[in-house]
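The structure under discussion appears below in the form of structure tokens.
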Amino acid sequence: MMKFKSPPVNSLSLDFLTEFCISLEKLENDRACRGVIFTSAVPKIFSSGLDITEMCGKSMEHYAEFWRAVQEMWLRLYGSNMVTVAAVNGSSPAGGCLVALSCDYRIMVENPKFSIGLNEAQLGIVAPFWFKDTFVNVVGHRIAERSLQLGSLYPAPEALKFGLVDELVPEEKLQEKAMAVMAQWLALPDHARQLTKSMMRKVVLDRLLAHREEDIQNFISFISKESIQKSLRMYMEMLKKRKS
Amino acid sequence: MMKFKSPPVNSLSLDFLTEFCISLEKLENDRACRGVIFTSAVPKIFSSGLDITEMCGKSMEHYAEFWRAVQEMWLRLYGSNMVTVAAVNGSSPAGGCLVALSCDYRIMVENPKFSIGLNEAQLGIVAPFWFKDTFVNVVGHRIAERSLQLGSLYPAPEALKFGLVDELVPEEKLQEKAMAVMAQWLALPDHARQLTKSMMRKVVLDRLLAHREEDIQNFISFISKESIQKSLRMYMEMLKKRKS
Amino acid sequence: MMKFKSPPVNSLSLDFLTEFCISLEKLENDRACRGVIFTSAVPKIFSSGLDITEMCGKSMEHYAEFWRAVQEMWLRLYGSNMVTVAAVNGSSPAGGCLVALSCDYRIMVENPKFSIGLNEAQLGIVAPFWFKDTFVNVVGHRIAERSLQLGSLYPAPEALKFGLVDELVPEEKLQEKAMAVMAQWLALPDHARQLTKSMMRKVVLDRLLAHREEDIQNFISFISKESIQKSLRMYMEMLKKRKS
């Protein structure tokens, strides 16, 4: 079990992503480890997604390094040979939702105050094509199209209805349930399961691998636009005010 | 709000399509216009689809011109940068259904007498691949496969169940609801929403653009077959008799 | 109506597949035959899927011949011009499920003891990509991904929920219902229905046609691995013990 613990909101900073990838690689290479459960050690939030401070007022080099780390995280997680279960014990917008979507199975606490979704559009940002591909593979084209355009965040019960999460449980049952699901998946022979997973996800993984540098350039040129920088600064101001 | 008013059944004639495309282009270029609601000024019918008289007993040149206009309508509507909402206040078979499917959101009057679907197969006609692609993007492969083969028309409540429309409302609430939905979509920043929409629809739009002339030739050679002409004539006779 | 009668469990042996393909070809070429209903003459089982004895302890040549026959069956069935209805009157795992998935419509007896699914992973085997493509076309990507990894078998009521079958009926109504469905599909003009079906399935059929020899080589090298042979032998032992 891997517990995200980067208060206040488990945002995916460059440091967080780097550490996450290293941990994942270690586990991947550890033959004794056949599966991982991801959950949060921070109350009420699973992960708030990409760290906006990494995308605001930094150098081109920094943007490139950051985006490569985001790609790396997804490539490792979505392509993992291990069984991956997201035990979503709090809200999970944007990049946090991507982490959950990239797992094999998603269990969420049945608290309607916790919401999940790819809400990038609300910030004036476009979710990259591989966020979209991952999303479409889980909820289908129609729900993805509408949700991405509206930047929808779904309360847990609605997320279940759309198949964005697989199951809801009371908070106190989350860990137990995640262990039970993991046991069910680990009952299958690894080799066949891994080949099957790879068969299902390869097309989408290969698409990013084929366009990785292009995707980084896209990100840099988009994020460094003055209009985008301005709207990110406004969003950060709003977050600061809300806190105080 | 654009109201279709081409009695008796808002069929998509060459004139209708030409005017529709010109209006759409004007709105697209008008920076003050960020969204359009499509509805019908004709009672009980949204649009009856492609005008059969344009496909029956005409010259090859006419068929080509007509089909290019149908393509043009779809390319503009499915690829529109504006928010497009279909307020479906009547039946909407075949091409009428395509118009609705090409919008961002579909609201239908909750009258089970109003039906919607791609029923081309019932007339012995094959829906072209881009009708099919648009349909699959909304309802998924399975429902599309079955519905296209059977030429199914779904009463409003069933259409909702399959996700063919997003919402049902009483007739007197339709306009109000359409305005509310439009306001919700317009609350998002245009640029991110447009890029997201384009990302979702580009593959399918590009497929027609890459095969446009071929698709026209296909249509001409199919529609000018004596067997097809005969079945269209029979269908028109039936419609005339039903009217009188 | 074609009744599978190869006791004890209608397993898809080389002989069964060969005879099946010949019968299918005859019907396909018989202009008087526009549709086929597939059902089982063996109680409680529709088809148990690929015959494991054909995959265990045989020569490379035998594996190649067997796999080519499995491919041939699917190519003919999934690509059939006829209306194909599966009247699933018993359990239908693995290859048996593929037969049902390849039809135009699936009716299953509403007995929760009868189950259906692509459970290859449970045997340590990987369903080939065209099994997967057929499955995704019916239930969508998410359900397919999870079900294939877990090798899930679904009792009839659950299979209906996921759209893996289209309809459940009491056993005594199965034949009558299948005939009614067939009549509904045959009411459509053949030509348009066939072109529509081909448009929906061509991409997936072409993928196997383009990689057929490669797929045979993959199968041979996978199935002849000692670890796979061992797990198949163990599975056969278990089946024998269960019987006695």
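All chains are identified by letter, namely A, B and C, in their written order; residue positions are counted from 1 within each chain.
What we mean here is this: a residue touches a chain if its C-beta (ideal position, glycine included) is under 8 Å from a C-beta of that chain, and two chains touch if they have at least 3 such contacts.
Quick caveat, the model's predicted, so the values are computed rather than measured.
Q: Can we say the copies chain B and chain C touch using the same residue numbers, with more than half in common, or are the two sides different?
A: Copies use mostly different positions to touch.
Q: Through what angle, between 0 and 180°, must chain A be rotated so its C-alpha atoms fit those of chain B, rounded to a multiple of 5?
A: 120
Q: Using CA atom averages as chain centres, what separation in Å is found between chain B and chain C?
A: 36
Q: Can you pull out the residues of chain B that are in contact with at least two other chains?
A: Residue numbers touching two or more other chains: 140.
Q: Tell me, which parts of chain B touch chain A in their complex?
A: 104-105, 136-140, 163, 166, 184-185, 188-189, 191-193, 195-197, 199-201
Q: Help me check something: in the complex, which residues belonging to chain B touch chain C?
A: 120-127, 129, 132, 140-142, 144-146, 148-151, 227, 231
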